[in-house]
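The structures come next, written out as structure tokens.
One chain, chain A, links the two complexes that follow: it is found with chain B in the first and with chain C in the second.
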Partner chain A sequence: MMEGFLFGLLAVLTLSGAVGAALLRNLVHCALSLTLTFVGLALLYLNLDAQFVGLSQVLVYIGAVAILVVFAILLTGGAGKMPTHPTVSAGWRTGWLAAVAVGFVLIGALLHSPLPHSDVPAPEVTVQQIGRLLMGPYVLPLEIVAVLLTVALIGAVIVAMPERKGESK
Partner chain B sequence: MSLTAYLVVAALLFTLGLGIALTRRNAILVLIGIELMLNAANLNLVAFWRFGAHPEFLTGMLFALFSIAVAAAEASVGLGLVIAWHRHSRTTDLDGMTRMKG
Partner chain C sequence: MNPGIASRVDQIFVILQHRIAELFPAVLQPWVAMILGVVGIVAVFPGIFALTTVLERKGLGRMQNRLGPNRVGPFGILQPIADAIKSLTKEDIVPRTADEVVHFLAPVVLVVAIFLGYAVLPVGRNMVLLKIDSGILFFFAIGASTELSIFMAGWSSRNKYSLLGAMRAVAQMISYEVPLLLAAVVAIMMTGSLSPTAIVRAQGGFTGFFPRWYVFTPWGFAGFVLFAIAALAETNRSPFDLPEGESELVAGYFTEYSGFKFALFFLGEYLGMMSIAGYGITLFLGGWGAPASFLEFIPSWAWFFAKLFLAIFFFIWLRGTLPRLRQDQLMNFAWKFMLPMTLLNLMVAAAWRFLGEWFGTGILAEGVRWLLCAAILAGAYVALALTLLRRQKIAARSYRYAD
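== the complex of A and B ==
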């Protein structure tokens, strides 16, 4: 009972943040609403006994991605003023129709598929175990992610760097 | 809670993210929609890990961790592109973004 109530609360928190990001007009409000969704997802991960993933979610999404989004909004001058022109594209009805159709297909498939039953005991996961796996069988993906992050950082800096005068355009 | 409940929440989150990505005009908000879809997929991975047959192998959880790292890289490059585009054309409206050649 208590567990169901907690799950419902977290689900409502997560989804209301996403609804806010979909409907609000001011860009900064959208970004704050997105942060609410990230918090809800981190709490859902903690609820699923995935403490390490939950805290990574807090660090990466709330700590980095949300801040990055807010910085991008401020740098592109989307803050402060309420937009006067429409904030959705001309074909927004078709877009939402397609999205809702996809949602119906997903949920319909979910409710009709045989899924494993829920009453499994929570596995004991220590950070030591995760570290051993990352340094053992998963060392190649870890290195590839490291290279990817380095390349993405350098790429983002180069893409966002102002063009110098005299360089060919 | 059952696995189905988590998967339904993830499906709803994916739907909302897809709707945002398809309908909003601002490029930053489209990136936000894509982030929401990635997060829904991560929730699926962790839920399947928790209720799957062998949670002691941590496969789904590590997959979610790698996915978070890739999503962070994607967000940084995407926002860098938006900022570069804004410097070029003074707008982040997607309707005007028909050519990206310098």
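== the complex of A and C ==
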């Protein structure tokens, strides 16, 4: 009862954030509304006792991605300019079609997949176990991801670096 | 002294919580205990904030050769009450062009997020509100979300000083979050747990009468210093107070706030400072542990708050001593000095761990290990400092528009 109520509350929070992000006019409002969705998702994870995922969601999405979005809006001059007429791109029909198709596929998959028995207790996963797995059997994928991210970072720095005077012309 | 009484005094607040909770029916008891814990946090830390404001003004006054507040009450100690009444009764002005909803939400989000950080802070033996496995991760996750509220405040005010201050604050907090996290990681690594309680417990016990705090190891000392610097920057305290540099930006991101909302920003700033100091104490200074074995009869919570006040005094002292950095110095310091040092410190901590296994125990082996690790860190510090200084062209400053 209590759990269902909590889930409903968090679902409403998450979905209203998402709807706001899509429908609000001001870009910064959209970004903040998207952050609300991130918060809702993190709380949903925490509600499921997935501490590590939930807290990482807060750390990465609210602490970094939301800030990145907001910075991008400010640096590209999108803040404060509100469109006066509805902004619908030429291909909106295709977009709707794709969305409806994906929706049908997902709903179909949901309806046809058997629900696991709810009386099986959820596995107790502690952060320590995740750490051991990441440092043990999954250390190679972790390192590969780390190298990939570092390469991306260096690439971004090189793109953003001001060209020296001699090389520019 | 009777050890029974000492432990009773040590646990006085825990016992009190249990006794009050027992007055209620069994169904409500966990809730009542939880609410009592929350009330404790919400009452104690703002109380310390009020005390800190007057201590800071008195302390800064002393350092600047003046008296500081001395009109309200004896020695001016009732000044915070006067300040509170003033900020409560002042008109709450919202600029006409401001984004009202976001302008209102920003201070609320900030204070709520900072209060959440206290939930996993152990302020004494068995005195932590939320016993979760990944407490340190929780604190850093919550700390990361305060940046957004600062941005909200700066952007919604529609004021160039506010926006500049907010951009500075966010850039600074993001840059220093990396060394802050990496500096804290050494303590987590050596404990093998993300739980603040476990970290404090790992630092318990004494060698002779000397405590086994992490700060007394080479990596712990380096980690503590780096953590303290990053914490100063993260809380926008002097010398990293560029986001609210009053000589250039009026008051930075909260320029357009008045009345109680302004007070909330002030509260948030000080609470943030105290919580990050509390985590510094937990990670490196033995949390609520006594600094010597013969001082253990003093209750654990008294030690925690004594250390907290010492940290606050240190922050005030720095504010009265150091000039403000420039934006480029701030960024260079974070990425060229702090980041390499924290990364090296991680390596040294790992080396410390494995050298301990190879050398075995014994006073000589311990000493060699200690000196070796300290030498690596000191050598790296000197080399890095020399390289960074050599690149800098130190000369008389030229002012672009004022020469």
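FYI, the second predicted complex is superposed on the first by the 153 of 169 C-alpha atoms of A that agree within 3 Å, B and C clash if a C-alpha of one lies under 4 Å from a C-alpha of the other, contacts with A are read in each partner's own complex, and residues count from 1 in each chain.
What we mean here is this: a contact is a pair of C-beta atoms (placed from the backbone, for glycine too) under 8 Å apart; a residue touches a chain by one contact, two chains touch by 3 or more.
Here the structure is a predicted model, which means the values were calculated and not measured.
Visitor: Based on the superposed arrangement, let me know which partner A:49 touches: chain B (first), chain C (second), both, or neither?
Guide: The first partner, chain B, only.
Visitor: Can A:32 be said to touch chain B (first), chain C (second), both, or neither?
Guide: The answer is second: A:32 touches chain C but not chain B.
Visitor: Just checking: does A:21 make contact with chain B only, chain C only, both, or neither of them? Give me first, second, both or neither.
Guide: first
Visitor: I want to verify the contact counts: of chain B and chain C, which reaches more residues of chain A?
Guide: B
Visitor: Identify the partner contact of A:126: answer first if only chain B is touched, second if only chain C is, both if each is, neither if none is.
Guide: Touch status of A:126: second partner only.
Visitor: Examine A:64 and indicate which partner it touches, taking first as chain B and second as chain C; both and neither are also allowed.
Guide: In the superposition, A:64 contacts both chain B and chain C.
Visitor: After overlaying the two complexes on chain A, where does the chain B footprint on chain A coincide with the chain C footprint?
Guide: 52, 56, 64, 71
Visitor: Quick check on the complex: what are the chain A residues that touch chain B?
Guide: Residues of chain A touching chain B: 3-4, 7, 11, 14-15, 18-19, 21-22, 27, 30-31, 34, 37-38, 41, 44-45, 47-50, 52-53, 56-57, 60-61, 64-65, 68-69, 71-73, 75-78, 86-92, 95-96, 98-100, 102-103, 106-107, 110-111, 115-118, 120, 122-123, 125, 129-130, 133-134, 138, 141, 145, 148-149, 151-153, 155-157, 159-160, 162-163, 169.
Visitor: Going by the contact rule at the top, pick out the chain A residues touching chain C in the complex.
Guide: Within the complex, chain A contacts chain C at residues 26, 28-29, 32, 35, 51-52, 55-56, 58-59, 62-64, 66-67, 70-71, 74, 79, 126-128.
Visitor: Contact residues on chain B for chain A in the complex?
Guide: Residues of chain B touching chain A: 1-9, 11-20, 22-26, 28-29, 31-33, 35-36, 39, 42-43, 46-47, 49-53, 55-56, 58, 61-62, 64-66, 68-77, 79-84, 86-87, 92, 94-95, 102.
Visitor: Hey, which residues of chain C end up touching chain A in the complex?
Guide: Per the stated touch rule, the residues are 99, 102, 132-134, 137-138, 140-145, 147-148, 151-152, 155, 167, 170, 174, 177, 192-194.
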